[in-house]
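Every chain is named by a letter (A, B, C and D) in the order it is written, and numbering of its residues begins at 1.
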Amino acid sequence: MIKVVFFASLRERFGSSGFAVENNQVESVAGLVKLLELPDGTSFNSIFAQEKLMVAVNQEVVDGDCLITEGDEVAFFPPVTGG
Amino acid sequence: MIKVVFFASLRERFGSSGFAVENNQVESVAGLVKLLELPDGTSFNSIFAQEKLMVAVNQEVVDGDCLITEGDEVAFFPPVTGG
Amino acid sequence: MYLRIRVQEANFSPAEVFKTLREASNGVGAICTFTGLVRDLNDDAEVTGLFLEHYPDMTEKQLVRIVENASQRWPLIGVSIIHRIGKLVPGDEIVLVAVAASHRGEAFSACEFIMDYLKTQATFWKKEVGADGEKWLTMRDSDQTAADRWQP
Amino acid sequence: MYLRIRVQEANFSPAEVFKTLREASNGVGAICTFTGLVRDLNDDAEVTGLFLEHYPDMTEKQLVRIVENASQRWPLIGVSIIHRIGKLVPGDEIVLVAVAASHRGEAFSACEFIMDYLKTQATFWKKEVGADGEKWLTMRDSDQTAADRWQP
């Protein structure tokens, strides 16, 4: 299983803080991005680059080429705005 | 009268925090500097430029060309070291 | 090096942080602190509150890395970072970064470096509550520019 | 702009200064503070105490001028400066400069600017007391360099 989590505006747009996916469905971050869809039917892929969304695998920021393996935690979030 | 004051190491070297001079003795800061002598006989003029000493007339930093008039306060001090 | 990183809902005492850093070493000659507060105006719109969320664990790891990078650039004696999450109102403290060093240049630079990277790399997000409802804030270009200037 | 300048023998409370600046305006989004402390070592020599003297009145005028110059460069909401004189021992606070502004870049820059000019223009002098007796400190070249970099 892969654990997928969302933060901030993405959490609200997905209406979910995350879910689990079967490992055999995805090989890379880019593959996972293509698989996801917002509740209104928008493909996640179409907003991912456009909104400069970020992704972290096991709490390390990575890019779309990053491979995903069993047990990984994949987090999607907008650019940070703390401080 | 002109009020002459010394601070920090200069106060200690002159053995005095200051004194008054007759106005008719000096016309400029440079003139006053030439007039002064340390207790050990060293001319103040000889150390003034060498030690990068500073001078303020009426609490404004000036250079040797500054004219002095009746009632002025002339302060000599080493480069500052606060903070 | 003394290092303390806290992400918390509770308010904090800058005085207590300051005291801890002072007492970290008698070699401390300079302490620079930065505190970020909730303003009642942002881009000319009235702000009545903020909601802050973060990515637990990842945030702390990012902050540790930022401090490690700072301590490779400047000799630091102590660093304390507190960042609040949850609901805040105008006037509330959001973040405190305090840096103790031997000399002032190091303390100033490291404190600003840590803040600039915290703003662009630490996984916090702010939602602003105003007269027109709620909205998630977006990163300012000026924040990215501020962080980029530290790069070689 | 809120401005408070104090030259005093007594110790001071950074927390009280911080509180006053926060409360100066709800538009304060950033407070940068710098505190200078007496170190127990200076140029590798043990320090047991410091004696600080200043030029009364002129010091305050110089500090006001430095703050005015800073406020012409950056939009500042409040500035508080406290500088101690008299006898101090290692660990004691010497100086506190605190700057409140809307945004962090302004607060950091103005605070460092004020410190750099305070070190080179404000009429304070330090005498160091150590194992080998007393000696008046001389200005470091690095302090002049730090002030010079603000010039256009």
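Note that in this section a residue touches a chain if its C-beta (ideal position, glycine included) is under 8 Å from a C-beta of that chain, and two chains touch if they have at least 3 such contacts.
In this text the structure is predicted, and so the values were computed from the model without any measurement.
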Touch graph components, with subunit D removed from consideration: A, C | B
item	value
Path length in the contact graph (subunit A to subunit C, fewest steps)	1
Between subunit C and subunit B, distance of the C-alpha-averaged centres to the nearest whole Å	48
Whole-Å gap between the CA centroids of subunit A and subunit B	73
Between subunit C and subunit D, centroid-to-centroid distance (C-alpha), Å	23
Contacts with 2+ other chains: residues of subunit B	83
Junction residues of subunit D, two or more chains touched	36, 104, 115
Interchain contacts, given as pairs of chains that touch	A-C, B-D, C-D
Parts of subunit C lying in touch with subunit A, wherever the complex brings them together	36, 52-55, 57-58, 61, 83, 94-95, 115, 118-127, 136-139
Subunit C residues within the subunit D interface of the complex	13-15, 18, 22, 26-41, 90-91, 102, 104-105, 107-108, 111-112, 115, 142, 146
Subunit C-facing residues of subunit A, complex	5, 7-9, 12, 56, 59, 61, 75, 77-83
